[in-house]
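Consider the two complexes below, in which chain A is the common component and chain B and chain C are the respective partners.
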Partner chain A sequence: MTYEILKPETLQDAFGLLDTDDPMVRPFSGGTALMLMMKSGIFSPSRLVVLRDIPGLNGIRLEEDGSLWIGALTTLAELEKSDLVAQHAPVVTHALRHLSNRRVRNVARIGGALAHGDPHMDLPPLLSALNAEVIVEGSNQGRRISVQDLVTGYYETSLESNELIVAVRIPSQQSWQSAYRKFTARSADDWPALGVAVSLNASRNEIQDLRLVVGAATERPTRLEQSEGILRQEGRSGLERATEAAMASVEFMDDAHGSSQWKKALLRVELRRAVQEILDRNT
Partner chain B sequence: MTKRSITFYLNGRPVEAYVSPKDTLVDLLRNLDHFGARESCGQGLCGCCTVLVNGTSVSGCLELAELIEGKNLDTIEGLDAGGELSVVQQAFIDAGAFQCGFCTSGFILMVEQLLDENDSPTPDEARDYLSGNLCRCAAYPEILDAVQLAADKRKSLQKEPA
Partner chain C sequence: MTTTEVGRSLPRLEARQKVTGHGNYTHNIKLPGMVHAKVFRSTVPHGRILSIDTSDAIALPGVTAVITGQDILKIIPEPYYGPAFHDQPILALDKVRYVGEPVAVVLAEDPRVAAEAAELIFADYEELPAVYDETEAMTSKAIVHDELKPAGTFPDLKHLIGRKDTNIALDFHLKRGDADAAFASAEHVYEHSFQTQQTMHTPFEPLISLAEPGDGRVTIYSASQSPSFARSEVARLLGWPENRVQVKVGHLGGGFGAKLYIKLEALVAALALLVRRPVRLSLSMEEQFYTITKHASTFHIKSAVDKDGRITARKCEVIWNGGAYADIGPRVTQKSGFTATGPYDIESADIDSYALYTNRPPAGALRGFGIPQLVWAYESHTDLIARDLGIDPVEFRRRNILRDGRPHVTGTIMKDAAIDAVLETLAKRMDWDAPFDHGSGTLKRGRGIAIGFKACVSPTTSVASVSVSADGSATLYLSTVDMGQGSDTAMSQIVAEVLAIRTEDVRVINPDTDITPYDMATLGSRSTFHMGNAVRKAAEHAREQLLEMAEKVGLPKKNTLNVPEIFRHAYGMQAGTVIGVGTYIPTYASPDKDGLSDNVTPFWMIGGTGVEVEVDTETGQIKLLKMVNAADMGNPLNPRIVETQLSGAAIMQLGFTVSEEMILDGGQVTNASLADYKIPGIRDIPPHIENHIVEAYTHDGPFGAKGVGESATFGVSPAVAEAIHDACGVRLTKLPMTAEVLYKALHGEQE
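Showing the complex of A and B:
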């Protein structure tokens, strides 16, 4: 079996090429993840729709409302080197330094990293904790989807076959602060065995509001709502109880990076450290 | 399998080649008798297949050959184009920065990139930059020596009057 490689030059042309019932037709941006699936025979495409030549999907800019607009074709290396990202979402800059290696970051794109729906990624839980959303266009009307609602399951997203992520929007973080902790079983830049993203609104050094998201240990990035509730009510004194609640509420997944039991133990440690890391910054 | 003709620049020279949709850059280079970029892990983790696309390092094993059309592809074979080894190549020899040599072309291309971005990397900065390249002979201390040697040599060459 072979496949065709098509390189549309406009979004409209891309939607036309993607608008089919054939599940083996795929959009292709950086392709670093899809290539692994194709080389191992897990995925055999009939058509790759290469998005790289489509104008208007690149770049990073600060919007009037203080949010960051990041074009879907922005490479992870561009994100890593962006002064705007370092200033308005420093946790992203920090996380990217250990997200795979330089060559992969030179090629992989933020839109593809989210659309792939791979649970073993750093950006989906992190962007979810930052309350980011994706701007989606398609043959029909465009829409916005929160990153948390984008991934619906194991390699499953709420995107239709004729829809594409055109940009990611990170809202102004104002008094919110974030941390991302990743634990790897092999090298530091490996896929995470567990990733924990925490965003806290901790003005006056008391937790006003927060978002806790765990990734990689679960089949999709998972909000720890019960733990959030405990910390909202009890503040930092509830940290131990919140950690216990997280361990009890999450369905952990065994994979090549570790057993579910081990990941459960990791969550206890890393969730506490991530929250503590932010609180310690303010003392 | 249907093959398509593409044109691109290989180490600065225009080239026409026939590629099938499944070919990676490593496949394409082997068909053109360029064996410096080697597929080892096949997953973009080890850096043995490092090449430069429009001046940026990529894993040749993860890039489709068809997508190089119209672009510049630079490989280790282009570094001594004038018949003289590059400063980084010579530094690897002087520092003894390899045993089997399988990973060397990838490391050298990455060190060229590192020194283009940062002319005086600290050992930690060099370790961080090269963390995506693996040397199973574990010549890492000598590779770091080679980075230092090459950095010093490049700076001294810049100071010399033309």
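Showing the complex of A and C:
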């Protein structure tokens, strides 16, 4: 059970250390998820590659095109307190206040939060609704992956073992408004039983465009395309039909947070409330 | 009586030490040459051990020894322990009886090596049928223990010796009046059943014990709530005199009943004596779920009510799920069982209370000692009756409440029990008579009040000694364990009051059985009353001696002592010591064959809670908007500490009410970690909490004080159930009342 902890100082060195078929070699950012898995015995590492000493992975800045660039090692607490984030993506600021507790937020980092692949998380569905993408570098060519395409299944992502998320880019949210509703089943600081993220490009009751994403209750954050279609066509009056369609279009998980049947009911309620919340802001 | 130190809300004496990281916790102890232990646990709920293969584990570099139950026999031929029954082996011998039961232990220089080696042990079992549910266990063919083994020291358990083919470890019965006749002629008869779930204490300092072998002796350092019991029980197991076993206890990071009697102490002592090296065993948070828990229970309750809304008779059948080993469960069954009819004035009663063995992790004492399970049922039942009769629930309680001077169903006349005052305080603080807004649309509001009471386990003994130094400072020696409840501070206040010094000038010596005198244990809210009395007597004994000294040396016999002056006159300089000793045991009368006694408890604890909730009928989510706790606190020695006991107890019970539950699958706890077993976090605490101390002088208590640590647990669960009912018309009869449970009750199982 002995394992090595390595602290590369450049991305290139990190890629080299990660470039192996051994699934027990992992990058380590905040370690909050990895440590839990190690404690429960699900994961016993052979090598942990600590990213903390690699320069260039920190900070939050506003790019010329109005997008936010967020370094992968930015802690969730830094994100929560950032004025830039509060100004350009206030829904993120708000969601973070309800993400676990301060001790976790002080340590967990955005790269880890997106690469983890556990469905019971808040940022993957939320950033997906914001149309965010991750900037990925690796031994080979760098690439960009939309957050929506990043998580491919239960604890599965489209990242290669020798690839790292170096930053997250949230595009300009101008003319978009968002809401995120989190439902916890066991305690207020629990992981979500259900998360619903809604982004609307709407004026008054006209919905020009929208993105609806459900997380936690499903195996991976899932876009509710059918419901989006209904709302795009029918506006607010299609809300009831849209929530019905959402319930029918995804597969819910039974787990320690609750039964699939209940989560289905929760989705209807929380999706309706999230959309209404935004539309009500405009009236 | 006017007091200066008693009644002072001074901060806890050890608070600064703790928050600056200097707390004297057992976890910080390092002994020279110490090895670390890791427990290998059973993976089957019930089985005969066929073989244990330890060869790979012992071959791992860094491993000192691997010990099984057979090795323990070399030094302890009868390695069964327990406070009520001698049924629990130090390590499993022939059988395992629950998933998680200790089967073997690895000792290694490094705790991680010990942990890795423990994974290399393989045990082979012949699986036996298992039983988990308390009601099924009453009649099940799966028998957890072949034979009952009550501890011989208790005369009231003797009749159980040698009983076979039963899972009923103990049955307690109380019979008063003619309940059958009352039911036959009753205007109304009501019958309901209620259940509670298995939960865990979750002290933030997990269990830890160390043992150091000596020359014909052993020293145990332990996070224990009962050092005196641990000493005598380990001595009994080893066949040694008590004075060769020393148990030392530092500060505890919470106990709540998890650290009582023997937990790891006998195991570490045996290990240390086997390998002749100091041994440290520290459990993880996860392992605590396999060590001690709170009883799940089923309670069938039936009441006869006359045309005026008076309860004339009550029948109670309570079935306690004690898990695989009795621990203190049989005492919960009796000593809490006899209060199952509630704080009401009821002419006739039948109580049947059963302690059951099942193949679950053992259950013992947890803050309330069974009372919250009982109150949950009898107060829910009370509300349902009031509803059916169309009587306001507070008014219905008023009509039936048990007042001072009236007999409890045991026959004991109620005394210093402010039951009515607690109820009235709640009604007033909840503004009960004002119109209440029940909400609208999908957000419904409701409110509820519930009260409960508890007797104190009896008869038990406390001994204390106070030594007064020539400069007037005092040192208090006692085996009460301060696990965060503030007992060191309260006891010092008593000493200071008697000796007319400042509380800050009293130093408390943490329990060390070589030095501090006997105390039964820190449990069941008994310390303030029992140890408080012993401490008061010890301080008074010292004071008498000082007064005598003063008289002898010709100092004026004044009420205000000038201690340094007395010593100076007596010894010509700052020299000498005065030692006061105090022992307290209350009077008590054992219940007769019908469970009746005219002196069943030294004092009563009374507590209640009122809540206002908001229910989201679309999701089932329950939000507590307001919580009002009130309890009879006697004369509070330190009001500020007492108040935090109220809020702490209520919040703990809130977790057991709406979220906490140990979930089992085939005997395996599937949520044995804080990631999946959720206790209330800061945002689960109601935005509005009030704690009201109902002052009611306890005549036999030290300065009128009584125990306060559990009282606010009593009313929480039924008050929440009633508030939910009031909000949305649904009655839940099983804990915990989660959002999903309520959703299903509102909307049915299927879409």
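Throughout what follows, the second predicted complex is superposed on the first by the 281 of 283 C-alpha atoms of A that agree within 3 Å, B and C clash if a C-alpha of one lies under 4 Å from a C-alpha of the other, contacts with A are read in each partner's own complex, and residues count from 1 in each chain.
By our rule, a residue touches a chain if its C-beta (ideal position, glycine included) is under 8 Å from a C-beta of that chain, and two chains touch if they have at least 3 such contacts.
In this text the structure is predicted, and so the values were computed from the model without any measurement.
**Q** In the superposed model built on chain A, check whether chain B and chain C fit or clash.
**A** clash
**Q** Applying the touch criterion given at the start, work out whether A:24 contacts chain B, chain C, both or neither, answering first, second, both or neither.
**A** Neither partner.
**Q** Go through the superposed model and pick first if A:101 touches only chain B, second if only chain C, both, or neither.
**A** both
**Q** Give one of first, second, both or neither to describe whether A:4 is in contact with chain B, with chain C, with both, or with none.
**A** first
**Q** Between chain B (first) and chain C (second), which, if any, makes contact with A:187: first, second, both or neither?
**A** both
**Q** Could you look at A:62 and tell me whether it touches chain B, chain C, both or neither (first, second, both, neither)?
**A** Touch status of A:62: no partner.
**Q** Once the structures are superposed on A, label A:50 by its partner contacts, choosing first (chain B), second (chain C), both or neither.
**A** first
**Q** Just chain B (first), just chain C (second), both, or neither: which does A:248 touch?
**A** Neither partner.
**Q** Have a look at where A:269 lands relative to chain B and chain C in the superposition and call it first, second, both or neither.
**A** After superposing on A, A:269 lies in contact with chain C but is clear of chain B.
**Q** After superposition on the shared chain, which partner residues are touched by A:36: those of chain B (first), chain C (second), both, or neither?
**A** After superposing on A, A:36 lies in contact with both chain B and chain C.
**Q** Looking only at the overlay on chain A, choose which of 369-377, 423-431 or 477-485 in chain C hits chain B.
**A** So the stretch of chain C colliding with chain B after superposition is 477-485.
**Q** For chain A, which residues belong to both interfaces, chain B and chain C?
**A** 36, 39, 101, 187-189
**Q** Going by the contact rule at the top, pick out the chain A residues touching chain B in the complex.
**A** 2-5, 31-32, 35-36, 38-39, 48, 50, 52, 77, 97, 100-104, 106-107, 187-189
**Q** Where on chain A does chain C make contact in their complex?
**A** So the residues of chain A in touch with chain C come to 1, 36, 39-40, 101, 183, 185-190, 256, 258-259, 261-262, 264-266, 269-270.
**Q** Sort out for me which residues of chain C touch chain A in the complex.
**A** So the residues of chain C touching chain A come out as 112, 115-116, 284, 286, 618-621, 659, 663, 670-671, 673, 675-676, 678-684, 738-740, 743-744, 747, 749-751.
**Q** Along chain B, where are the residues that touch chain A in the complex?
**A** Touching chain A: residues 1-2, 20-22, 24, 42-45, 47, 50, 56-59, 62-64, 66-67, 110, 128-129, 131-133 of chain B.
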